[in-house]
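In the two complexes that follow, chain A is the common piece, with chain B as its partner first and chain C second.
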Partner chain A sequence: MGSNAAANHPISMKWVQKAKDNGGILISVDPRYTQTSTKADIYAPLRSGTDIPFLGGMIKYILDNEKYFKDYVVNYTNASFIVGPKFDFQDGLFAGYDPKTRSYDKTFWAFEREQDDRVKRDDTLQDPRCVYQLLKKHYSRYTPELVSSITGTPVPDLLKVYEAYASTGTKDKAGTIMYAMGWTQHTVGVQNIRTMCMIQLLLGNMGIAGGGVNALRGEANVQGSTDQGLLFHILPGYLAYPRANQANMEAYLKAITPKTAEPMSANWPQNLPKYFVSLMKTFWGDKATKENDFGYGWLPKLDAGQNCSWLNLFDAMYEGKIKGFFAWGQNPACSGANAHKVRQALGKLDWLVNLNIFDNETGSFWKGPGIDPKKIKTEVFMLPCAASVEKEGSISNSGRWAQWRYKAVDAPGMAKPDGDILVELFDKIRALYKKDGKFPEPILNLKWDYVDAKGHFDPHNVAKEINGYFLKDVKIGETEYKKGTPVPGFALLQADGSTSSGNWIYSQSYNAAGNNMARRKKDDPTGLGLYPEWSWAWPVNRRIIYNRASTDLNGQPWNPKRALLKWEEGKEVDGKKQPGKWVGDIPDGPWPPMSDTKAGRYPFIMKPDGLASIFGPGLVDGPFPEHYEPLECPVPKNALSSQFTNPTIKIFSGSMDKHLTCDPRFPFVGTTYRVTEHWQTGIMTRWQPWLIEAQPQMFVEMSEELAKLRGIKNGEKVKVSSVRGELEAVAIVTTRFRPFKIGDVTVHEVGMPWCFGWMTPKNGGESVNLLTPNVGDPNTMIPESKAFMVNVTKMEGGA
Partner chain B sequence: MTVSRREFLVISGVAGAGLALSSLGIDMGPVKAYAQELKKIDKMKSAKQSTTICPYCAVGCGLICSTDTKAKTIINIEGDPDHPINEGALCAKGASLFQTTSNNSDRLKKVLYRAPGSDKWQEKSWEWALGEIAKRVKATRDGNFIEKNAKGETVNRVEAIAHIGSAALDNEELWPLQAMMRALGLVYIEHQARI
Partner chain C sequence: MSEGYSILVDTSKCTACRGCQIACKQWNGLPGTQTKNEGTYENPVDLSADTWKILRYSEGTVPSGAPFWYFFSEQCRHCLSPGCMAESEKGEIVQDEKTGAVLFTLKTKSLNYDATREGCPYDIPRQNPKTKELFKCTMCFDRITNNMIPACVKSCPTGAMVFGERPEILDAAKARVQELSKKYPNAKAINPDEVRVIYIVTDDPKKYWKFAAGK
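Moving on to the complex of A and B:
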């Protein structure tokens, strides 16, 4: 659901097939009958943008039929927590909503607490204000009939999926979900995923072998680039980005470090101060001292509430507020939602630096369709980079494995590794600031010694810095560590400036044992395919996170046939019992199982209260997922409440920020996807003859019924348009799309790939992002590229 | 097809039957293709092999690059049979990775500059381009530096320069990249994860 793995993550499908060979059931839920659907035991269609009703109905089914894993739910989740009396939900809105600011006051969703500040619980799950009862009430409205009238999925198909998936709520069964942009690119994207998380918790499918909620990430190192903090709101290792109201490090650390009164909660994030100070030591080296707040003041600060994410960035650029722009290994002229606005915005820059291995629609935007180069004042620097096999370093996959890549050859011509380019560029900038300039301290004080003896960028040097060092001789416990030795792992990082680490979650990746990311040993002691000595996974080489939840309260595996982890009591030596230990995957901490009510710890160590969140009071749009229609949708109202769209989304209102819902000019649902042969905007694959031969041009898939309605034949050229733009495409008339019955209305949906662009191949077609809306999920601001409204018409002479 | 003496011996030794048949007027295509393969295999014997991970999706498949050590070019890329994720298998993109290397004549090989209002690229040196970019970064930064926000809080940031990218880079490149951008005061720092 939310992904088409067979086409877009093809090799992952090899293992799905293997699971099927072993008796597994594959369910495919998708608006279109995809390549994955062809391999599925059960296929169910749904209208784009209605995943929450689909899954909300499953929650209702699981609760009504008592299919949930009770021991897991009571002991490992917050199902028993009592929610405070201010919480309420009425007609699509949760308590605490302010229509003026379009935001919630989340204190209305707080848990009730005991005098000692622990959360109040009712382990019988009977209290009407406990999470379990509120959950039951919330989803009681999501009946199969109502769900079907929203999603367009026939009721028997819904029930088939619910029954099959709910059957994994037992000790000996695992269920997993593979999702991708089909879930994220919605104005309810985060809540789509959360609904599935809740299902996985109800069924006891988190932290177990073959379980989890798996994001099939679309870029080879998008996990790593997120880990390393290439986003406005996080520093490396997911440390929240400092805000202006956090005037010094103490105030910042106080704000980001969670506290708990629960004695059995490990509350691992209580260690964040150690990781932040160690990060600052890697940033600034010796220049970061206790006296100067470890250089906290040199980090730029965001205002409280300021959001500098993608859509806002291009809005500011369009408004002329951004003058200089680095598009480093990205092609926003094709990848940005509402790409006309992005392309217009690029023309308002003073200068643009574009780095890539091929020419692309961003670097060459000034000669794109409908643009007169003479009128574009933007200076453009196009810098040629090395390809993946022309440099050395690590990338992190969807499973958090950091894998080392070796250099095979030098890059062709003048092309260089990005690492060399950025080092040389910053050297030049720094040289200018040595003379004069505004606030030069962070530029001059940044530790910047990442080159080898020949002056080339040295990835090993950086990898070791990311791992971290002891900066002084220190004794921790019984062990002495010498200054200059790598830290073994993040458990030994300190908050006093005696250690460094560029990214605490990567600490252990490159330590005294060497470059662990380059390992290639294939032992598999658990037999579960963890391969603990193949590459290295963050954190601390743990292959499945929250893995203590795969065991019962005594640390014994729920499913002994697939034991991920097992607690072994210590043996008696000379009449003294030795401490016990976990055997299997690297456990989420060394503590004994929960039946030891003194030393034991809850399994969800990153949650302040130690338990997983069925009730999630942290998101901006509600503690339980609720269905709202996409900003552009084919129905006049939300069948579940009078709240039509997500009440917390940001709606841009400039001249290029158009959107239309239920408008007869754009009567069909449009969605986007990928094809196996192209990648992202096609920036790399459209230049390859082998791949272009297989997928040469833009197409639009539509049902036979819609084709008949519009008089379109298979293979004809058609025009697809939204209120924001239009493009030409070849019609693929197919039974893979079928019209949806939404109540009494027939709703048609069409789908297009987003891998094309004007530059190459000739007449290959344009980017589908000319059509998509620039509206985002309120938590992530990821654009709603998966559900919007379009029209499809036959072109004159379009055969 | 040009055939060296050594290659001729290889062909005639291994594919002798095919050559004999060709004199009877039978299509030589398959034999020629086979000879090409042999030529590659011969090259592969002296090639340096190195492992890599696919640069497309994040499944993380392993591949093996074979590099001709004399010509210093990659002559073949294929799936790594030892890799536990893909066991040698690849999708269409991974199997075509060879076409991202120098054998693709469309690779960018030069530093290019486009002046305001111009309709063409000019070729430039790295020294010139990085020097000019550095000057523009400094001018834009210093001209638009924000020391305090509306509330009077110290922010020391630059909103007039933005950066996006990239999930296509290695971790070891990304870390210094974010450090550099933050040292410059940038707050508009984004990449593919947001879209």
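Moving on to the complex of A and C:
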């Protein structure tokens, strides 16, 4: 659901097939009958943008039929927590909403606390204010009939999916989900995923072998790039980015470091100060001292509440507020939602540096369709880059495995690895700052020793620094560590400046044992496919996080046939009992199981209270997922409440920020997806003759019924338009799209790939993002590219 | 005597990733041809001297109204008694004794193209219009005689294509059909006693591709 793994992550289907060979049931839920659907035991269609009703209905089914894993839910989740009296939910809105700011005051969702500040609990789950009862109440409205009238999924199909999936709520069964952009690219994207997380918790499918909520990544190294802090709001290792109102390190650390009153909660994030200080030592080395707040003042700050994500950046660029832009390994002119606006924005820049392995629609935007080069002032530079096989380094997959890759061939011509470009760029910048830079300290003091003897970027130097070093001789416990030796792992990082680490979660990846990411041993001691000595997984080579939840309170596996972890009591030696230990995967900490009420710890060690969140008071749009229609949708109202769209989304209101809902001019739901043959916007694949031969042109898939309605024949060129733009596409008339019955209305949906662009091939067609809206999820600002409204018409003059 | 090799193509495991189609072109150095979208994912539209393997897509609805979408990775079947060889009198087409691969030689230039193509029950042979030479899949003869499996099989992520000694492949086909029969009463292997490239289908072969089981 939310992905088409067979087409877009073909290798993953190898393992899905293996599960099927072992008797597994494959369910495919998708607006369109996809390649993945062809392999599914159960297929259910749904209208794009209605995943929460679909899954909310499953929560109701699980609760009504008592299919949840009770021991797991009571002991490992916050189902028993009592929510404070200010919490409420009425007609689509949670308590604490301010319509002026379009935001919630989240203190309304706080838990009730005991006098010692621990959260109040009712382990019988009977208290009407406990999470379990509130959950039950919230989803009681999501009946199969109502859900069906929103999603368009026939009730029998819904029930088939619910029954099959809910059957995994037993000790001996596992269920997993493979999702992708089909879930994220919505104005309720985060809540889509959270709904599934809640289902997985109810069924006891988190922290177990074969369970989890699996993001199929949109880029091979998306995991690695977010791990290393590529996004605006985080530093490496998911440390929150400092804000201008956090005047010093103490204020910052206080804000980011959670506290708990729960004695059995490990609350691992209490260690964040150690990781932050170690990061500062990596940034500024000896120049970062206790006296100067380890260089905290040199870090650029975001304003409080400032959001610098994609849609906001391009809005600012369009408004002329951004002068220069590095488009590094990307193609915004085709990948950005509302791409016309993006292309206009590029023309407001003074300069644009396009770093890529090929020229593309971004670097050449000034000569694109409808743009007059004479009127563009932007100066464009093209820097050719080495491709992935032409450089060495690590790549992290969605299982958090960091895998080291060697360089296969030299880059052609003048192309250089990104690292070399960065080194040269920074050398220039530093020279300029040395001359007459304003506030030069952050630049001049930066520790920058990542080049080899010949002055080239050395990925090993960087990887070692990411792992971290002891910066002086220290004694920790009984062991002495010499200055300059790598830290064994993040448990030994310190907040006093005696250690460095460029990214605490990667500490252990490259230590005294060598480059652990380069390991290639195929041993599989558990038989579960963990391969602990193949590459290295963060954190500390743990292959399945929260794995202590795979055992009962005594540390014995729920499913002994698939034992991920097992607690072994210590033997008696000379009449003295030795300490027990965990056997299997690397456990989430050494503490004994929960039955030891003194030394034991709860399994969800990254949560302040140690338990997983069925009630999640941290997101901006509510502690329980609730259905809201997409910003552009085919129905006049939300069947679940009078709150039509997500009340917390940011709606841009400039001249190019158009959107229209339920408008007869754009009557059909549009969605986007990928094809196997092309990669992202097609930068790398549209130049490749075999791939362009197999998938040569922009197309739009539609049902036979819609084609009939519009008089469109299979294979003919049609016009697809939204309020933001239009493009030509070849009609693929197919039985794989079928009209949805939404209440009494028939709703048609069409789908288009987003891999094409005007530059190449000839007659290949334009980017579908000319049509998509620039509105984002309120938590992440990921654009709603998966559900918007379009029209499809025959081309003037026929085929 | 060795019984040669076989390839099993289990369409029930095929996800239409087209790795096989591209791998065939890559290994054999075949060019990408000019195409346009014809209202289907299937492309190029037909086999040619430059295309020896095509993923055929076929769709429709089953009686319940639910959609189906079948994938059929078409290629030469390397018949035990090749129909194409009926026209071959001077070694234009040879059948390798050890592997069982049916190979078109340079001499196919002098063959009657129409008759040769007509002789193939699966409509596989194609001619280079300029040189008149005939082309088709070689079972990656250069690979399989050097301890490598065919390029298409190598590329397959799901195990839909398997290469091996013929008796093993026949056993595997039998077992897989038996397994699939529990859910699909029409599951079968197509002409396993006549061909080396054995397809497993779960429905009427004609629904996959018009010549899936022969003309």
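Note that the second predicted complex is superposed on the first by the 797 of 799 C-alpha atoms of A that agree within 3 Å, B and C clash if a C-alpha of one lies under 4 Å from a C-alpha of the other, contacts with A are read in each partner's own complex, and residues count from 1 in each chain.
Keep this in mind: contacts are C-beta pairs under 8 Å (C-beta built on N, C-alpha and C of every residue); 3 or more make two chains touch, one makes a residue touch a chain.
In this text, all values refer to a predicted model and were calculated from it rather than measured experimentally.
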Chain B versus chain C as contact partner of A:Ile62, first or second or both or neither: neither
First (chain B), second (chain C), both or neither touched by A:Phe699: second
Contacts of A:Met414 with chain B and chain C, given as first, second, both or neither: first
Contacts of A:Gly715 with chain B and chain C, given as first, second, both or neither: second
Comparing the two partners chain B and chain C, which touches a greater set of residues in chain A: B
Touched partner set for A:Leu691, first chain B, second chain C, both or neither: both
First (chain B), second (chain C), both or neither touched by A:Val733: second
Chain B versus chain C as contact partner of A:Gly297, first or second or both or neither: first
Chain B versus chain C as contact partner of A:Lys39, first or second or both or neither: second
Contacts of A:Asn763 with chain B and chain C, given as first, second, both or neither: second
Shared chain A surface residues [contacts with chain B and with chain C]: 10-11, 14, 676-677, 688-691, 694
Footprint of chain A on chain B - complex, ascending: 48, 50-62, 65, 67, 72-74, 77, 82, 84-87, 89-94, 96-97, 99-102, 104, 106-119, 121, 126, 129-138, 140-142, 144-145, 147, 149-151, 153-195
Of chain C, residues touching chain A in the complex: 12-13, 15-19, 21-22, 25-26, 31-41, 43-44, 59-61, 66-71, 157-159
Of chain A, residues touching chain C in the complex: 6-7, 10-11, 13-14, 17, 33, 35-39, 43, 675-677, 688-699, 713-716, 730-736, 738, 763
